[in-house]
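Here it is, the structure, as structure tokens.
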Amino acid sequence: MKEHWQIFSKGLIAENPIFILALSLCPALAVTTTVINGLTMGLTVTFVITTNNVVVSIVRKWVNPKVRVPVYITSIATIVTVAQLVLQAYFPVLYKAMGIYLALVVVFAIILARAEVFASKNGVWKSFLDGFGMGCGFTLAMLTIAVIRELFGAGTILGVPVFGEGYEPMLMMILPPGAFILIGYLVAACKTWNAKQEEKARLAELKAGKEA
Amino acid sequence: MSSNEHSTFKIAFNLAAACFISGIVIGSVYFVTAPVAAQKAEEMKQESMKALVPEAEHFTEVAGHEGWFAAEKGGKAIAYIVPSESKGYGGKIKMLVAVTADSKVIDFSILEHNETPGLGDNAQKPEFRQMFAGKGADKLTVTKDPANKENIQAMTGATISSRAVTKGVREAVEAVAAYKAEGGAK
Amino acid sequence: MGEYLTLFIGAVVVNNFVLTKFLGLCIFFGISKNLSASVGMGMAVTSVMTMSSILAWIVYFFVLEPLGLTFLTTIVFVVLTASFVQLLELVIKKQAPALYNMWGIYLLLIATNCIVLAVPLLNVESNYSLLKSIVFAIGSGLGFAVAIILMASLREKLVYANVPKPLQGIGIAFILAGMLSLAFLGFAGML
Amino acid sequence: MEKAMMIIVVLVGVGLFFGIVLALADKKFYMAVNPLINEVEEILPKGQCGACGFAGCAKYAEAVVEDPTVAPNLCVPGKAAVAAKVAELTGKKAEVTEPKYATLKCRGTKTAAAMAAHYEGVPDCAAAKLIQGGPKGCKFGCIGFGNCVKACPFGAMSMGADGLPVVDKDICTGCGKCVATCPQAILTLKGFNDPVEVLCSSHDKGPAAKKLCKNACIGCGLCMRNCTHGAIKIDNFVAVVDSSKCKDCSEATCLAKCPTGAIQTVLSAKAAKTA
Amino acid sequence: MSEEAVKQETASSLFTVSVSPHIRDDETISHIMWQVNAALLPAALFAVWWFGIPALVNMLVGVVFAVLGEYLWQKGMHQPITAFDGSACITGLLLAMSMSPVLPPYMVAIGSLLAIVVAKQSMGGLGFNIFNPAHIGRAALMVSWPVAMTTWTKMADASGGVDAMTSATPLNILKMQGYDALIATFGSQSDLYWNLFIGTRNGSLGETSTLLLLLGGLYLIWKGYVNWQVPVTMIATVAILTWIFGPTGLFTGDPVFHVMAGGLMLGAFFMATDMVTIPMTIKGQLIFAVGAGALTVLIRLVGGYPEGVCYSLLLMNAVTPLIDRFCKPRIFGAGGAKS
Amino acid sequence: MFESFLGGIHPKDGKELAKDKPIEDMPVPQELVVPMGQHIGAPCTPTVKVGDEVKRGQLIGTSPAFMHADIHAPISGKVVKIEPRPHSGMGSCMAVVIQNDGKDEWADGLPLTRNWQTMGSEEILAAIQSAGIVGMGGATFPAHIKLKPSKPVDILVLNGAECEPYLTADYRLMLEYGAKIITGTQILQKLLGVKRTVIGIEDNKPEAIKAMEQAAQGTNIEVAALKTKYPQGAEKMLIKVISGREVPMGGLPMDVGAVVQNVGTVAAIADAVEHGLPLTERITTVTGDAIKEPKNLRIRIGTSYQAAIDYCGGFKQQPKKLIAGGPMMGMAQATAEVPVMKGSSGILALTAEKVDHGPEMNCIRCGKCVKACPMGLVPSMLAILSERQAYEVCRDEYGLMNCVECGCCTFVCPAKRNIVQYIKNAKGFIRAEQMKAKAAAEAKKKAQEAAEAKKEAEK
């Protein structure tokens, strides 16, 4: 159980795909101007990465190493296309808001990376957990960024005004410069947190060693 | 490396098989969603046009003018919905303009733009759009004088966007006027 | 002529893909640690993007569009670019090792990158002619190259600065990118 | 239905086309890269310390995989565990290297060692040494600006309050970076089996050494004469322990006899570690 | 070192050792910085007289928040405190001086903090920042609150008409209404020049008086803190290009107006000369100045903003490391024996 | 007028302290400590034992190495100790300690009288070599090696610039011993066969210029008045200013056909050639704001700084720094026990007021150091890179090894950065690297040779 929890949870912060691995950065900046967009993108990616991990872990035995990458990409692209079709049919407004980035989910490095690094070597259940964990980490990051950006950049959360009438939104936050700078500091915060955790773990280990 | 792994046929087949499966999956999903999507799209289009000309009963395409629709009520074209385009602060602004049969603006909606959120994109807001209602081409110029109620008041901090949108709307109105003048009413 | 120039300049500076459109960020941040690598990457992206744009344009307008299969654009383009890049890598490695040493190592990174997929997609979405597509692709590639080369020169300089520890590496790179994009806002409204 | 068929045809067509092209190209242009290298690199501790003798972990991984003569146990920080894993992956035999720890051969603390001058300038041992061998009276001892501390890739060193660097033996991996960095060459690697060490490097003659530092080895030879195993020699006014002869006798006569306390047990942790 | 230890050491009468040279010039960073502040003072005082209390408040807020931000950051990061060396003061002052006097003070404060924290301290503090902190602050405010940033004081126009109130800066009038409207606003061309020269015109609070800025700039040049080549080249570039690319064809522009309008004087003398963010060698600095001048003109004439000094300098800051890389001085004796 | 070199600085020269003090003979103290390393190259080994009686001018140290200069007893007396002693350059160095017997007797046959005009080149060179003469401008390069250049030279430059602040030894020498300098110069002209000979003197020493012009009358020796600027006296700058030639990177003056000698060296050469006198004394300026009576002393090699300072009335104020040489390039000393050597041009005691400066800060890229560097380097980058241990980058991209350590950059730096120290440190690492690489290459070669030999043997 613990092992499973670890597989799932490492994607949240320790190996957060955006803040730590620095993969799939484009959507983290492009579609986080509002919480709803960020959330949709996060969920879409979670869906794609989880499904793809499962698919890959199932078919991994039959895939010729020479065409591994194209096959995985085909798989991802299929899943994305399905997501596109579904969104287009049932949530056309969101589909429009995602714009070209929805199609670009195909090439988000994190998805292929998890397929290559994890799913192609592990069983279905583990791969599912890994994909889901990474997806959650991704969504978490998207939400964090989106909440801050929407809050300061528009003064709203999910479109609901928070600061009241007098607030003059700080437009920078929803424009590229603000997004870059904000993520810079979030990365630093995440790193600091990780370092603290590691230090704690090391101390605990030392203590355990001494007691033994 | 066994020669087997290198076999051209095998490799190609592998990829092709993946594509085959993918085709089946996409095909079946498409089979389900395509009609829904088409229906939704149509609905949305109708709805957006309806929002522009609420009293219309139905919309028909205008022959010879791509993208134009005539809003009909009781079999009579009471308004036209005309696509228009102009250059704003951040690039192209695409919009749909509803114009009455006697070449007055009813309303417009912006389809695509790249204006700054909070500035140029306020053009989509009702406060700005309301100023256009009922105006003819001659009144469609931008002013920065707050006392001037005749023309279109520039949005604060976004004169460029204001001018762009106004220009787009004016062009649509002029196009309708020209169409009418040609006797387009048939 | 003017139209092409506008398109080109727009893609290079005014609507710089990296700094204002958020595309290709992974390699932008991944490679810009090193100036010479960045020059290589800039070249690689520009050339791959141009070639794959041409390919994609042909496939789209001669196959997908006539058949009414535009919703397959994503999957077809991505398989196309990925396979094309892999092919290119194999060929260059063998036939032109000098070239490969210069930017071959970046090729695989490009295979799965937003910007390389986005440009062909934008081309067909905007209904550009083949020539326009090429101009746009080259412009976007150069824009990417300008951004990554500037970024690399800044980051190489910061290697010797007292950047606070948690910000070192990717953190400060983001902040730099932010300031760079602030500076590039000077071009806003120019077209 | 027709459309669905078309989808499949187009996709399979694309797949088949690129599959064949890639397969052909691959056949024509294939060049091998060994995935094992990445696996080995994963295992290495990534200190990039170079203790293995290669320019960083990746280079060592490459070498150990491709060159049969490169031993699997060269990664010092990785200790036996990593060596075993590398050996397993590369199919080589791992010989366990004895773990070592850095030890400072100087006890010239702020209170013990006399200063020759007041130093102004860059806080860096090598830079301070440029001025007549450093500001301390003793030209052999620790200069105390902590180049070693800065060099340790594992954060095992810190500057003590007494002005001498302290090695945390629990963290020290024995990579030897600090040893190589120290401009005074007074750090040394000690293993479990080298229990005592003379913690002084002064080649000054007894009285001079004593005048410059209270804790100096004055080369009096008491330890040498009292060592029943003949493990200690005086060389150029400083005692030297021959670890191969030292038996770590529990009496540790050398320790008891030294008038300045220059000779010390360096691995008091030994009992704990081996237990 | 504790005070006691210091006493002890001096008492022990040890000589001090260090690497040569043993004598140093008297100049210190903090001295230079305060001199620059002093050079800005005339223009700043003029702003208080011309725009009134809001100008004073904004400048004070700018300075206080810049210095405070630096102090708190250094305190928090356990760094030596250098917040009072005058450089943060320059940043805050220049920031306030490059913005409208009626900008809400809280925005000035945010700009100052952004300038110090993001542009300066995050890069490693004084000397390591790549972009001019004051400009980063200004540009950030510009994207954040463009409306407030382009709102100017209302003032009676120079021709004395009571109800002819204008709230536009000269460059703004030029951009939006054209050159003739500009002349009309000021009465005549010579009135226009005179007002621009003296500073009795609308604009950012510290940029209006060409005369006083010139005075401050000359002082800095005389003291040797800045190379005269930089401001001169930048201003000359702007003059030449604006003259060539005039509104009604080649060589019909008004270089005199363009040189004195907007923030060019302030930018050329006090910002294009910020040694931290410009190339180190004269050759590099000339390239920098030409580039900055050309970009300024580009933005003024075809860009989306009436003024481009801030962005042009930021853009040139970004290429400074590249310039530095290719503009090293020639090493003595390079290229073999020379006679 | 002569064109100037790029860069350079104008520090307050402080020469007024000792400028008008005629050269005084300092009495020889009881004990002289003669270090065996007084020159560039291999240190000497003593040729005397403890207990030996020596006479002034007697050889007491030599070396089999090519690059060395012999060392002679500066006084008659008894060798009492041979042991490491404090040394102004190396911290500590093997030294011969001589107890003064008070008789000050010359060794047998000294001084002699020779007519240099009749001597052959070989003979002159031998005389210089056996007198153990080294460059007295500070570099202490053995003169007999420099004076036998392996490339043709056509210009001889005499260095009378004395650009270091405070120091006045060369100045006094030129005022008082112009004739001797001219003699020495003529000897070198003959030896080198040069076409042109120039004495370079900075124009802040008009009296010296006048004196030398007078002394040089009737000879083909030119006296050049140079615009005052530190480091005018650095040989590369001097050659550039006087002849317009630029010594190539990593090259020597002889690469552009020039030889540079300090005026003191030339005077010593005159003594050595005309009278066979070994180098056992020199002119040294004892000065600084902490010295009671600054003086220019003719002082025996081996005299301790303390003795010299005591002769000048001691300290009037506790100095913060005691410096061997000038304030720009001299070395700060930890103790006044160090002895005067062949290269000691000055003993400088400065109070805190003169040497204190604020703490080191970050470089603000002001570019003052770049402007000041006479070698066309970017000192700020060298310092920053060295601080981050990027020594190779320093060498490969920023020309580290061209730095002459003149200190201009550090002098002007408003951030009070210790640029020269960073540079020296980087150079040290690069040299160590080079040494290691050389040793490794040699070891490899040896191993290869051994292997080959073994193969041969096996065959």
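For the reader, a short list of remarks on this structure follows.
For reference, chains read A, B, C, D, E and F in written order, and residue numbers begin at 1 within each chain.
Just so it is clear, a contact is a pair of C-beta atoms (placed from the backbone, for glycine too) under 8 Å apart; a residue touches a chain by one contact, two chains touch by 3 or more.
These numbers come from a predicted model, not from an experiment.
Touch-path distance (fewest steps) from chain C to chain E is 1.
Centre-to-centre separation between chain A and chain C, using Cα means, comes to 22 Å. Centroids of chain B and chain C (each the mean of its C-alpha atoms) stand 30 Å apart.
If you average the CA atoms of chain C and of chain D, the two centres end up 44 Å from each other. Distance between chain A and chain E, defined via averaged C-alpha coordinates, is recorded as 41 Å. Residues of chain F in contact with two or more other chains: 331-335, 362, 418, 421, 424. Residue positions 6, 10-11, 14-15, 18-19, 22, 26, 30, 34, 89, 116, 119, 160 of chain B are each in touch with at least two other chains.
Taken residue by residue, chain E touches two or more other chains at 14-19, 118, 122, 124-125, 128, 139-140, 143, 146, 304, whereas all remaining positions touch fewer. If you sketch which chains touch which, the pattern fits none of the simple shapes: not an open path, not a single ring, not a star, and not all-to-all. The complete set of chain-chain contacts reads A-B, A-C, A-D, A-E, B-C, B-D, B-E, C-D, C-E, C-F, D-E, D-F, E-F. Listing the residues of chain A that touch chain C in their complex gives 22-27, 29-30, 69-70, 73-74, 76-78, 80-81, 84-85, 100, 103-104, 106-109, 112, 176-181, 183-185, 187-189, 191-192, 195. Listed in rising order, the residues of chain A touching chain B in the complex are 33, 62-67, 70-71, 74-75, 77-78, 81-82, 85-86, 88-90, 92, 153-154, 169, 171, 174-175. Contact residues on chain C toward chain A in their complex (touch as defined above): 19-26, 29-30, 71-75, 78-79, 82-83, 86, 111-114, 116-118, 121-122, 125, 164, 166-167, 170-175, 177-179, 181-182, 185. By the touch criterion stated above, chain E contacts chain B in their complex at residues 146-147, 150, 176, 304. Interface residues of chain D, counted against chain F in their complex, comprise 116-117, 121-122, 124, 126-127, 130-133, 135, 139.
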